[in-house]
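Please read through the structure below; I'll follow up with questions.
In order of appearance the chains are A, B, C, D, E, F, G and H, and numbering begins at 1 in each one.
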Amino acid sequence: MTPDSLKELLNAVKEGSFTVDEALVRLRELPFQDLGCAQVDHHRELRLGVPEMIFGEGKSAAQIVRIVTAMADNGSNVLVSRLSIDKARKVMAAFPMAIYHDDARCLTLEQRTQERRGRGTILVISAGTSDIPVAAEALVTARFLGNEAASLYDVGVAGIHRLLARREQLASAGVIIVVAGMEGALPSVVGGLVDRPIIAVPTSVGYGASFGGIAALLGMLNSCASGVTVVNIDNGFGAACAASLINRS
Amino acid sequence: MTPDSLKELLNAVKEGSFTVDEALVRLRELPFQDLGCAQVDHHRELRLGVPEMIFGEGKSAAQIVRIVTAMADNGSNVLVSRLSIDKARKVMAAFPMAIYHDDARCLTLEQRTQERRGRGTILVISAGTSDIPVAAEALVTARFLGNEAASLYDVGVAGIHRLLARREQLASAGVIIVVAGMEGALPSVVGGLVDRPIIAVPTSVGYGASFGGIAALLGMLNSCASGVTVVNIDNGFGAACAASLINRS
Amino acid sequence: MTPDSLKELLNAVKEGSFTVDEALVRLRELPFQDLGCAQVDHHRELRLGVPEMIFGEGKSAAQIVRIVTAMADNGSNVLVSRLSIDKARKVMAAFPMAIYHDDARCLTLEQRTQERRGRGTILVISAGTSDIPVAAEALVTARFLGNEAASLYDVGVAGIHRLLARREQLASAGVIIVVAGMEGALPSVVGGLVDRPIIAVPTSVGYGASFGGIAALLGMLNSCASGVTVVNIDNGFGAACAASLINRS
Amino acid sequence: MTPDSLKELLNAVKEGSFTVDEALVRLRELPFQDLGCAQVDHHRELRLGVPEMIFGEGKSAAQIVRIVTAMADNGSNVLVSRLSIDKARKVMAAFPMAIYHDDARCLTLEQRTQERRGRGTILVISAGTSDIPVAAEALVTARFLGNEAASLYDVGVAGIHRLLARREQLASAGVIIVVAGMEGALPSVVGGLVDRPIIAVPTSVGYGASFGGIAALLGMLNSCASGVTVVNIDNGFGAACAASLINRS
Amino acid sequence: MTPDSLKELLNAVKEGSFTVDEALVRLRELPFQDLGCAQVDHHRELRLGVPEMIFGEGKSAAQIVRIVTAMADNGSNVLVSRLSIDKARKVMAAFPMAIYHDDARCLTLEQRTQERRGRGTILVISAGTSDIPVAAEALVTARFLGNEAASLYDVGVAGIHRLLARREQLASAGVIIVVAGMEGALPSVVGGLVDRPIIAVPTSVGYGASFGGIAALLGMLNSCASGVTVVNIDNGFGAACAASLINRS
Amino acid sequence: MTPDSLKELLNAVKEGSFTVDEALVRLRELPFQDLGCAQVDHHRELRLGVPEMIFGEGKSAAQIVRIVTAMADNGSNVLVSRLSIDKARKVMAAFPMAIYHDDARCLTLEQRTQERRGRGTILVISAGTSDIPVAAEALVTARFLGNEAASLYDVGVAGIHRLLARREQLASAGVIIVVAGMEGALPSVVGGLVDRPIIAVPTSVGYGASFGGIAALLGMLNSCASGVTVVNIDNGFGAACAASLINRS
Amino acid sequence: MTPDSLKELLNAVKEGSFTVDEALVRLRELPFQDLGCAQVDHHRELRLGVPEMIFGEGKSAAQIVRIVTAMADNGSNVLVSRLSIDKARKVMAAFPMAIYHDDARCLTLEQRTQERRGRGTILVISAGTSDIPVAAEALVTARFLGNEAASLYDVGVAGIHRLLARREQLASAGVIIVVAGMEGALPSVVGGLVDRPIIAVPTSVGYGASFGGIAALLGMLNSCASGVTVVNIDNGFGAACAASLINRS
Amino acid sequence: MTPDSLKELLNAVKEGSFTVDEALVRLRELPFQDLGCAQVDHHRELRLGVPEMIFGEGKSAAQIVRIVTAMADNGSNVLVSRLSIDKARKVMAAFPMAIYHDDARCLTLEQRTQERRGRGTILVISAGTSDIPVAAEALVTARFLGNEAASLYDVGVAGIHRLLARREQLASAGVIIVVAGMEGALPSVVGGLVDRPIIAVPTSVGYGASFGGIAALLGMLNSCASGVTVVNIDNGFGAACAASLINRS
């Protein structure tokens, strides 16, 4: 839309050949529609389909309480990820209804029942027991976002029979989140077994040449299975957000 | 299936309460069912939902012709990716029906009409004109896999109005593949605009500190938009495979 | 501007309490004003203060001619950077007025005299003779953007007296672009001598542990002189764009 | 000064048309003129236009007090950056007039009113709330150096409308400092919106593949917006120094 | 085994020419035979020849006790590696028979005498005294796995005569594990002296450009001695597992 | 041997209680015994158990012929690795008996029958067809060193059933060399299936974030299977040398 | 010495034309002469010209006391580097004569006066005050090794006049050790001023893209001054050892 | 020269006790004395003790001829390093007296006999035959700079006896340059054998995880031998410059 065509539109409104409502339809997709809501973006759910979520790391308990309050006043459900138990206790003092998910280091406050919106089940699998915190973060997030979700832990590739025994469960999932550290080989094997969208989450589990998850990240990016996509190291939260969008698409 | 249940199954076959064919159905999901077909895995489409595809780089034209022949004899459609024009000419001499997609450096041989299987449209967008080869690879692959697909090129973040003007097109897509080099910022902006699954493809476009696509890759992995997943640098093919699985899930 | 206030504005236009021109003023800052001009963003100069510029690397001569034509038809001056002599010859066949700057690997087409807009002189200095191509790219770009520009080459820190002898010239510049490869130490020394804004450009000149310019880049980012900012490796063009903005600010 | 002009000067001294003292004045601009001032470089403000500043990290409170004392005795204003609250308390015991800026981890001691010397406003914007400490360091430093300065926080690219709504504020700034972690995409978008000099500051905010700010740093160095320059990770101080030089140039 | 041969087998069972047990023998090599034993893989020793071993890092004492209990109930010997003294004390409270190897940070529980199965001696040598913890982990593991093992510490290449004096001991070993940090040169020298299989273990001993063991790792991977293989940084455990397989092969 | 014991030995020789020959036996194990044979180390086979081998890359055909001649005159068998077909032709002109192994880019000259010295079979397996050159180098080298060797190609983890079908072949090997590029996951899976020593060879096969084999290398170093050791990227030769030592140990 | 010449020597001893002592002189340069003294290599000073030195990091106070005791009993002077004040106190309890150098984190025990052996002065200069601990380690070590040594701190390149004023001092040094963090540019400038051997020591001083000293290390390795050599990050000790060898050569 | 001595000099000129020319001589040592002679720094030899040397890489033959001419006219000896044979031929057409050193890729033009200035011999040793070009560059440079120099090639650590046999030669050298690629272990071993200053030169010889010389570089920087200093990868030239300074110090 050029300045000229905008001028034409405004003239048309003036002359009545275009109603105000019709002009509004043409104009309301503009970016500024959310302007009034400042930094706390209450329209985000409408626009992006995700409720309010806060990254807890690097924020003080007081800051988190303040933000959760603003969101809760709006009637939203709220998820706080990467929240230490210490801070969580302080947040829960202010919001007794909130639930802290210990293994996932997440806090959820559900003020209204989250309707189930996803078509299938999001299956979260982990290679080892040390990967469980990241997997649990994905699990809690997926459920918070209105999805059916299940988990399957400790099925890494060095004992491949453990995985093969669950082929049926894998094949029946809507989306599969595969969480693995060390060499990060599990997504390739899973991707070769079933035709489901697979989101790979490298974890920082390992030592030495795992370089805090780089080895797993590179392994997943180079997966020889052609349907695998990858998120940041330890990003169970992001994997669940993506899985949720896929599950509802 | 445990050893016990396997024993029961075998007993049932012996006693006739289960026919051989019924047992076969139960057993054919086992890993060894594809054994007879050696390396060319003709059951892959049944198992993984993707037809035959060959990575052309590092194979001679003669090798490619030999593999395509084996696949074509089986009645399959075939895609060869990362194929130079020189090798493509030799393959097309053997398969006159094949089509070479110049901008995508892909060859397709479609022996039977690919039925449309995806629900929505896969939209491939690129940040710059130099990213088009990777985007085109994604586009050709997405269509080869039975999806409706469209493209939108040169809508990088340094001229954000170009992208904002296409919000509607973005919002109506089933899955969005975002291809970008240099700083790889486009997926974050797109992910903040619409609630569609987004697959980010970093490209090796750039120089100096782009380090052959590492800058874009890291940018995408660290995207502040929470529904973005990432594939390998320049991997338009893999992005389309993942998008196709999502589109059909 | 909220939807409501937009509705009010439109109603005001309809009722005549606001003229179309007044509404246009309110609306023309919106991002969509450039919509009609597609990918070739002719309003960029108005918005960003820079004329048309094309990154020549990775585009064919034919593509470049097509883009230059679109821009030239609009009356713009055009700069093509990172253009090989071979491609330049083809572009100059189409635009005999264009000038190819051999040392800078840039082509300029000046259809109208560029008015001088910068306040001071942009001084481009290089550490060694091998850094000259990058320095020349900065020089050509700075002049193309309407700045007075001068150069001073081969004044690296291993012969510090060469630099000290030019203190006066350094101090009288408006902005200084410092181009250096290898250890990239020159910006720190210059930044310690004069109180001018300094833009450091690392070059890929060097071998071994210069890692294609990484050593120089890191050196510049860690400069102990506190007024130094840095651009990408070999990015003389970007340094000149930034210097030009500074010179006119 | 060339050998010839030096010869002339010496001849003039010999012939008495120039006194020894006059010759000395002409010669004292040579590098050795600051010899007497040892390590605490009191002439730095004259030479470089910046008052006394101390990098607090890695120095003991006692050392800092000693250096501040030497500077304060000279009548200078002093800024100590990267100073923990613990050390700050000890410094403030010695200098009760000093002010500690909590969010910026900076201490300032202003003994004389800093005259306003910059032409325009330095606008500091941050992508997220976690980037605020670095942004605040830039803000405090910019003001300490005699500039008008303003801030705008939490306008990252994943909610692009928040930024677009402030275009006017962006366009009216003299220099813009853009502080961002994670993928570091904000400078590119800002650089595409307005024609102001932009200094990008990557922060170490993020986790996993952000690699302590490398992802943001690379993103900014590869910015597709052509007027962006970059400083070291978390270097709000250096960005403000550069912005101040630009604002006064 | 092809589908056809499977069908034949089933037909044979049906017709009685093959008993159910005979079929079971043929089928029990399938991966699912371990299904019933969940994650604790009691058949691993049969399949892989190694008894139960637990990676202690990142598991709580309670978790470790639970896993050791499950394994011990099965009559197995158990090794817990990378176990801090604090956690070890809690595990030993539950298993008084267990032994904690202080220098190796390993705990072993031997319920039945481990029979000697290796042909030769596994010799563990270290370059410096700081490498001893990693070497000790290898030593304890090698013995736990049923091998004769010996050690030789502080024979680094900067005092080559110390190594040369032990040529005979080196030559008489079955397998040699060489543990070294810093430049990791020892395996090359040892590999040039004797014709034994050598497993190189880089350690994180060093500082600065040792980069936590990367220097040693790269040195070992690039060894000019042609019989050297490498494991992860600080992975004494893995080296001993590999050495044990070699010693028994 | 201490100075004292040396003195005793010399006294014994002087007094005749020890013949010169007996003393020589005692002394010939000293490092200097090979002195006379200069750089071409003909005693290497005795000391290290490997015949003469030349790294062909970066040497001219003339240089290689000269070195092979020196070795051949000594009656040795010779292997030249990493030899281009062009250079190989020139070497074969001089040594018509030599054989060039095209897929492995190796030349062998066998002047005397290599006796079989290894106990078992060295099995070389590759993940993909592009890994075959590296695998073939390992195969040729293993046989040259007197081992029974076999190969199994294209059994990567994305089609895990192809591997599972060959479990028996894997289990019966003496040593297994696993060659894989991209994510390098195959050694972990193989290491979880059988209790054989496994040498993993990462290859430079891949693109983008494979970083020329780094992804595969890191994957293998971080293998969750505990008997895997690793050699340099593309180092099929070194893997075979190590496997040969293991096979004969 | 070839086997033949050894045989001749032995024959000469046998026949008496060579005494045992004469043969011993010929043979005692062999590597095994230090055999008896195990790991504490008391002959190292004779062989390498350096007295006993211990790397204190990663050793317990008890271990250090044990090693120092062994060395001191031999009459040696001893230096312990990288020793924390806590451990130093325990060592000094055992050796009251020992001196702890606080700024250098070194302990020295001088039992006999170290004779001055170096020809010239070793001058240690540092770029900033934060580099002083590394510089002090070099200073203490240089003196311990019998050299005249002096220091010059805080003469970094951003205030180049401070350095230029000391040209004479620089030119009169025998060897110069240049210690610098951040961009590490000082050695290049010094190397361009004087013709003395320069040893550059990068320090881990800095933040962000200094990457713990990598920026300084790379800067120094790429120095455009052609007489600069480099040691590991923070390795003041090693620089002094090298300087001492040079000073005595 | 202090301000006082400058004042005295000027007074002397005024009073006639010093002619203008004499004063000029005294003053031309000031940094600006080279102004007239532009970039070609003819005083460099006086100041730094090294004659004219040109880095040939990245300069055209015409440029090199021009620079050599300027230097030769001044009577200097000239060395051009990193010069391809093609360019060398063109330079030699202009300077028939020049000599091209094929293995070192260097050209020397000696117009006057270089006096021997070094005290001892510079010994250049290389680990492998592929390292010879870098070693030869060091050898030619060392001789050009007026040193006695010798070489010893192919004495890498995997055949340690080859090195041990030359201990005497090592011990009698004034300075030792050790050139090695791959794992770069040779300097550590040499540094443990003799008390000579050692300059280590990593080479880019190797493949895979040698990363173009990084492995060797890191190995050398982490050398456990305490008198080793390091130069850039493949920098034989720089090693010789440093060795020459040491040899004359």
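In this text, a contact is a pair of C-beta atoms (placed from the backbone, for glycine too) under 8 Å apart; a residue touches a chain by one contact, two chains touch by 3 or more.
This structure is a prediction, so every number in the text was calculated from the model and none was measured.
Visitor: So which chains count as neighbours of both chain A and chain C?
Guide: B, D
Visitor: What's the fewest number of moves from chain D to chain H, given that each move must go to a chain touching the current one?
Guide: 1
Visitor: Identify the chain pair with more contacting C-beta pairs: E-H or F-H.
Guide: By the number of C-beta pairs in contact, the winner is E-H.
Visitor: I want to confirm something about chain A and chain E. Since they are copies of the same sequence, is their interface symmetric in residue numbering (over half shared, so same) or not (under half, so different)?
Guide: Homomeric contact, different residues on each side for the most part.
Visitor: Going by C-alpha centroids, which chain is farthest from chain E? Tell me that one.
Guide: C
Visitor: Degrees of rotation, nearest 5, to put the Cα trace of chain E on chain G?
Guide: 90
Visitor: I'd like the Å distance between the centres of chain D and chain F, where a centre is the mean of that chain's Cα atoms.
Guide: Roughly 59 Å, centre to centre.
Visitor: Roughly how far is chain D from chain E, going centre to centre by Cα mean, in whole Å?
Guide: 55
Visitor: Please report how many Å separate the Cα centroid of chain B from that of chain C, as a whole number.
Guide: Here the centre of chain C sits 39 Å away from the centre of chain B.
Visitor: Counting in whole Å, what is the centre-to-centre distance of chain A and chain F, each centre being its mean C-alpha position?
Guide: Chain A and chain F have C-alpha centres separated by 49 Å.
Visitor: Hunt down the residues of chain E that sit against at least two other chains at once, touch-wise.
Guide: Residues 1, 31-33, 35, 159-160, 164-165, 191-193, 208-210, 214, 217, 221-222, 226, 232-233 of chain E each touch two or more of the other chains.
Visitor: Chain pairs that touch, all of them, please.
Guide: A-B, A-C, A-D, A-E, A-F, B-C, B-D, B-E, B-F, C-D, C-G, C-H, D-G, D-H, E-F, E-G, E-H, F-G, F-H, G-H
Visitor: Can you list the residues on chain H that touch chain D in the complex?
Guide: Contact set of chain H toward chain D: 1-3, 6-7, 10-11, 13-14, 16, 20, 23-24, 27-28, 30-33, 35-36.
Visitor: Spell out the part of chain D that touches chain B in their complex, as residue ranges.
Guide: Touch residues, chain D against chain B: 127-128, 156-160, 164, 182-185, 188-189, 191-193, 206, 208-211, 214-216, 218-226.
Visitor: Which residues of chain A touch chain B once you look at their complex with the stated criterion?
Guide: 1, 29, 31, 47-50, 53, 119-120, 164-165, 167-168, 174-175, 191-199, 217, 221-222, 226-233, 237-239, 241-242, 244-247, 249
Visitor: Under the definition above, what is the set of chain H residues touching chain F in their complex?
Guide: The touching residues are 129-130, 153-155, 159-162, 164-165, 205, 207-210.
Visitor: Across the complex, what residues on chain C touch chain B?
Guide: Residues 31-35, 39, 41, 44, 55, 57-59, 63, 202, 204, 212-214, 217, 232-235 of chain C touch chain B in their complex.
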